[in-house]
Amino acid sequence: MHRIIDGVLRFQTEIHGKRQELFSELGERQKPFAVFIACSDSRVVPELLTQCDPGDIFVIRNAGNIIPSYGPASGGVSASIEYAVQGLGIPNLIVCGHSDCGAMKAILRDDKLDKMPAVGAWIKHAAAAKQIVEARFSPEEDEKRRLNALVHENVLCQLRNLATHPAVAAKLAAGQLSLHGWVYNIDSGTVDTFDAEKQEFVTLTRDSTAQATPKLIVRYSQKK
Amino acid sequence: MHRIIDGVLRFQTEIHGKRQELFSELGERQKPFAVFIACSDSRVVPELLTQCDPGDIFVIRNAGNIIPSYGPASGGVSASIEYAVQGLGIPNLIVCGHSDCGAMKAILRDDKLDKMPAVGAWIKHAAAAKQIVEARFSPEEDEKRRLNALVHENVLCQLRNLATHPAVAAKLAAGQLSLHGWVYNIDSGTVDTFDAEKQEFVTLTRDSTAQATPKLIVRYSQKK
Amino acid sequence: MHRIIDGVLRFQTEIHGKRQELFSELGERQKPFAVFIACSDSRVVPELLTQCDPGDIFVIRNAGNIIPSYGPASGGVSASIEYAVQGLGIPNLIVCGHSDCGAMKAILRDDKLDKMPAVGAWIKHAAAAKQIVEARFSPEEDEKRRLNALVHENVLCQLRNLATHPAVAAKLAAGQLSLHGWVYNIDSGTVDTFDAEKQEFVTLTRDSTAQATPKLIVRYSQKK
Amino acid sequence: MHRIIDGVLRFQTEIHGKRQELFSELGERQKPFAVFIACSDSRVVPELLTQCDPGDIFVIRNAGNIIPSYGPASGGVSASIEYAVQGLGIPNLIVCGHSDCGAMKAILRDDKLDKMPAVGAWIKHAAAAKQIVEARFSPEEDEKRRLNALVHENVLCQLRNLATHPAVAAKLAAGQLSLHGWVYNIDSGTVDTFDAEKQEFVTLTRDSTAQATPKLIVRYSQKK
Amino acid sequence: MHRIIDGVLRFQTEIHGKRQELFSELGERQKPFAVFIACSDSRVVPELLTQCDPGDIFVIRNAGNIIPSYGPASGGVSASIEYAVQGLGIPNLIVCGHSDCGAMKAILRDDKLDKMPAVGAWIKHAAAAKQIVEARFSPEEDEKRRLNALVHENVLCQLRNLATHPAVAAKLAAGQLSLHGWVYNIDSGTVDTFDAEKQEFVTLTRDSTAQATPKLIVRYSQKK
Amino acid sequence: MHRIIDGVLRFQTEIHGKRQELFSELGERQKPFAVFIACSDSRVVPELLTQCDPGDIFVIRNAGNIIPSYGPASGGVSASIEYAVQGLGIPNLIVCGHSDCGAMKAILRDDKLDKMPAVGAWIKHAAAAKQIVEARFSPEEDEKRRLNALVHENVLCQLRNLATHPAVAAKLAAGQLSLHGWVYNIDSGTVDTFDAEKQEFVTLTRDSTAQATPKLIVRYSQKK
């Protein structure tokens, strides 16, 4: 804990002190421009990856960057999304998976979960991704390759779950929200982003206009 | 009840007796070619509307033709879909709403629901459709028009919920399932079908190739 | 799908066109006289079996014709029943099982359910029927015989579950609802109906007055 | 607390010491002959009312002597019943309500429940009893009379809920369990017991053979 | 049942008749001074153990004297506690485990639970106690010793669960509620009580001031 | 989104490129030394506040830094904690609230929540904190002061909830986990930390040894 306490004191003198204006302003309101949903994994630091300042991004983090689909027994992810999209009106939302994800490994291997029942229940929200990967790959296939596929499919799976949230569906239908599906590669630093037009993940570049926003089955044009 | 009992006896002599071969064959197996999800409304008769024989379509019916999104507390609709799509391998699935739907009226009007708490809880699975209609129409707008919009949006909402079911997602990813979103107009007999390419409902005709199958965010092409 | 689309078009010209008056009238209201709860099985067609017209029966269908007992996490069956019995005031309710039911087979065999967790959870609502059959029959007993017993016990089990629904209990206490427990034999076309007086299933005939309405523990006569 | 601690010490010297043989025997096993389900109300003391010794009755107590119907989210009452009926094989089960019950008053009055959400949720398991009483009595009717009716109807309602528990249904079907529905009148000391034959509550007397065991819809006689 | 009916009649003549004044007074109100949470086990008789009269203690009993932690799906224990602590304002609360507890044995042995799924689910609320005992003892350790530890740890586990109930937390913060953790030894008649100061169980004696009231993390002194 | 994409590209060249060794090492494992549970609020950046590197802290973030108590319907927070504490064996855990928290304001004001039902359900996990603040402060009291109290009480409330998680309870009992309760003041940059010995929040300083680890009711010393 000493390392963390020292870090806080260093933050107070070196960072907070020097940007007093920013923090004073932030003291009474936030106006973030993106929701960032990422894994709790210590190697994924959303504000570092996006080079964002305090006040820029609203961050939801849990094991596996999982978003349960909307239902009566909604929990913390549903509440946080509702608060961000409907309460704060944030116009961009990024679901970000990452390489070497422990939650995804737990799904692939089905191991150690007797001892971790809450983890076992939680990753069922990624069952669709698991089932797709099982249909595509033989169990003999190289685990790294299957894990990489699962990490990507999981992001798509969570985007589909996300589309069932009323606040998200309404903002999408009104054209006031854009969705993005990312996978961050820890080792290389690269980011894959889902391109809904091409229906594939592409590398994120400066000119990237890729969106995961589901164009289909979200709009209904009433016939006159 | 006499009318129903008489009906059964008439069925036994006039229908079953004359098609003994069909029923004998059906006695030990079913091999339906479509799943049909419709409202419990007495005016909607799936087998009559589609002119199907016993053995042709697997039918799920509840108030509002609602499909809760997939989650840990899955119920009868989830189980029936899982059984149909994964267990029986049925390759087509139609979600069929209808005009003048009482469940949709209950959503629009928010009335009478103190006395019907189970109905009140159930129609929350169509909250996304409700929120979209509320965003599009002023409450002063003609109720018929808003109801018609809600009936259509509800079908799209249920298709999005459907996409979170692992069995459905896996079959869609494998190209082994096609989805269809219909609205049956009781008065005119016409059927609107959602065309995912055009992103609108079109009238069902002989040459109709419209599918609601969501093309986007369901496929992931792993890069080599 | 072509077969279904052709069916719809045939319905439009051959059926709907010829009974325009009925459908126009139905366009704005329904007044069904019975609730019919049946399995989703493609071989069970409630309106065909009862020779009913559109507008006659309110139909709830799911895998196994299951009715979860009433509780805080009520789902689609509870909502549909509440809507039918309390909202529409329908005075008759039939729970109809059928021979060769796949859901009942899944209960008997306990097989394939790792791959179908939603089915596994759903059929727990028939656990009482299963436990009764297990107590009555040795596992070596002929499967057909045990399946037949389970199909019948399941109807009784669902009637007991039904009796816990407040709307049903209140209508029963007021003498405004009668319950019927049926088993439809696909092969022979016969229907067994539960006779609460005799406490056994009897064959449905023209003079049948059998009711499954539980007379006991539903009425309370306050002493003066 | 002193009063309670003094009571324990008095128990140790005056009761336990004098019946050492009984308690030694009980130290390693229990073999109760009845399950007694009663309200948590301090005025209801099951062992005093029935003059039973330690080891005689298995007691379940909660606010309102409520038994949720069986379902996937079963709680403590379901578990305790399952343990008693299936695990210990106890052959008698008594559901005992009582006069002036606070939980029943809370149902009648709908008051104070904003501050007590858990109570509000819990008494929904008696919604059927409430709905029956509301159908039978005008709200202007004397409250004591309505409360008395509710207390009795609640016992019947919980017996119906009880009938959905697999262990109970199986033992009933096997004729190995008998059910009893009681109401204890604190003031007079009398006990009303439900007589399923007569379909009414009668005063408990020495010759009482009244049983609440539901005879109907629990047995299925397979036709040869 | 004859034994129980005879007991009731004996109660009416020998007990109720002789204390008519007490019962008349109790007829319209209760004012208990303690909540007593105990196992349903027939050998544990709270009013006998504490030598309490009708009207003295509010009693909650279920298999394992388990108190689920507070959450959205609260059940009968939560409701009963809320009613007792908030509704009735009872100032003392005792959680009382006991030796040779069947529910605790079921946790230790993990046996017979396939047949008793509700019991299996219920005892998960004591998973923390189980995990602590597993960490402390080798599985080869004498079962009696492990069982004894589990019985004690379970009481502490349930006290922690209790601390999450809003009504309890608020009363504790206001200094209006004291908690006690007991273990009753059936064979010897002794009672162990948790002493939060010493952090261990001590034998209950006349001068016992031991409280399980968690002193830490319940109070917040706002700085001026 | 351009700002975020530019940020990622800047990260890749300026940060990832320069610390290739760290990221290569992190590519295949994480070994964080603390779990940090914070609000999703954009102004709270755990890694900035603690000056931690990628790989240092496992971060869970949701609206209100809420930790539901352990139960059968566990969600993402429970799973993430279980994974962190049991799976990864992380020895320190910090629950960090913050000034001006929107979720806490929503609790205080009870406003806007009809439109945000998931938020309304989620903040019920802080009901104990709300109830304590309501007992301590008159509603006329200055809102800022009440909000500040609620933010602090919420951290204590979540620590109590945390104590019900089996993995946490077991590690606490084994002395292998220490808990910390923080409140970060955005404007001043200061951090309050709960001192369980003093039973109050103190300012975090270099020599701070304050722990929120509940000493009481977590240990059980078996008597020989």
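By written order: A, B, C, D, E and F. Residues from 1 in each chain.
Quick note on the criterion: contacts are C-beta pairs under 8 Å (C-beta built on N, C-alpha and C of every residue); 3 or more make two chains touch, one makes a residue touch a chain.
Here is each chain with its UniProt name: A, B, C, D, E, F = Carbonic anhydrase.
This structure is a prediction, so every number in the text was calculated from the model and none was measured.
A.B. asks: Could you tell me which of D-E, C-D or E-F has an interface matching B-C, in the sense that over half of the contact pairs are shared by residue number?
C.D. replies: D-E
A.B. asks: Looking only at C-beta pairs that count as contacts, which pair of chains has more of them, D-E or C-D?
C.D. replies: So, comparing the two chain pairs, more contacts are at D-E.
A.B. asks: Can you compute the centre-to-centre distance for subunit B and subunit D, using the mean CA position of each chain? Integer Å is fine.
C.D. replies: One centre to the other, that is 43 Å.
A.B. asks: Distance between subunit A and subunit F based on Cα centroids, please, to the nearest Å.
C.D. replies: 19
A.B. asks: Once you find the CA centre of subunit A and the CA centre of subunit B, what distance in Å lies between them?
C.D. replies: 31
A.B. asks: If you look at subunit E, which of its residues touch at least two other chains?
C.D. replies: Expected reply: 68, 70, 72-73, 121, 167.
A.B. asks: Going by the contact rule set out above, which residues of subunit A touch subunit F in the complex?
C.D. replies: 1, 3-12, 15-17, 23-24, 26-30, 32-34, 40-45, 47-52, 54-63, 66, 68, 70, 73-84, 86-88, 92, 94, 99-100, 102-103, 112, 115-119, 121-123, 167, 178, 180, 186-187, 189-191, 204-206, 208
A.B. asks: Okay, in this complex, where on subunit E does subunit F touch?
C.D. replies: That would be residues 68-73, 121, 124-125, 127-132, 134-136, 145, 148-149, 152-153, 156-157, 159-161, 163-170, 173-174, 181, 194, 196, 199-201, 212, 214-223 of subunit E.
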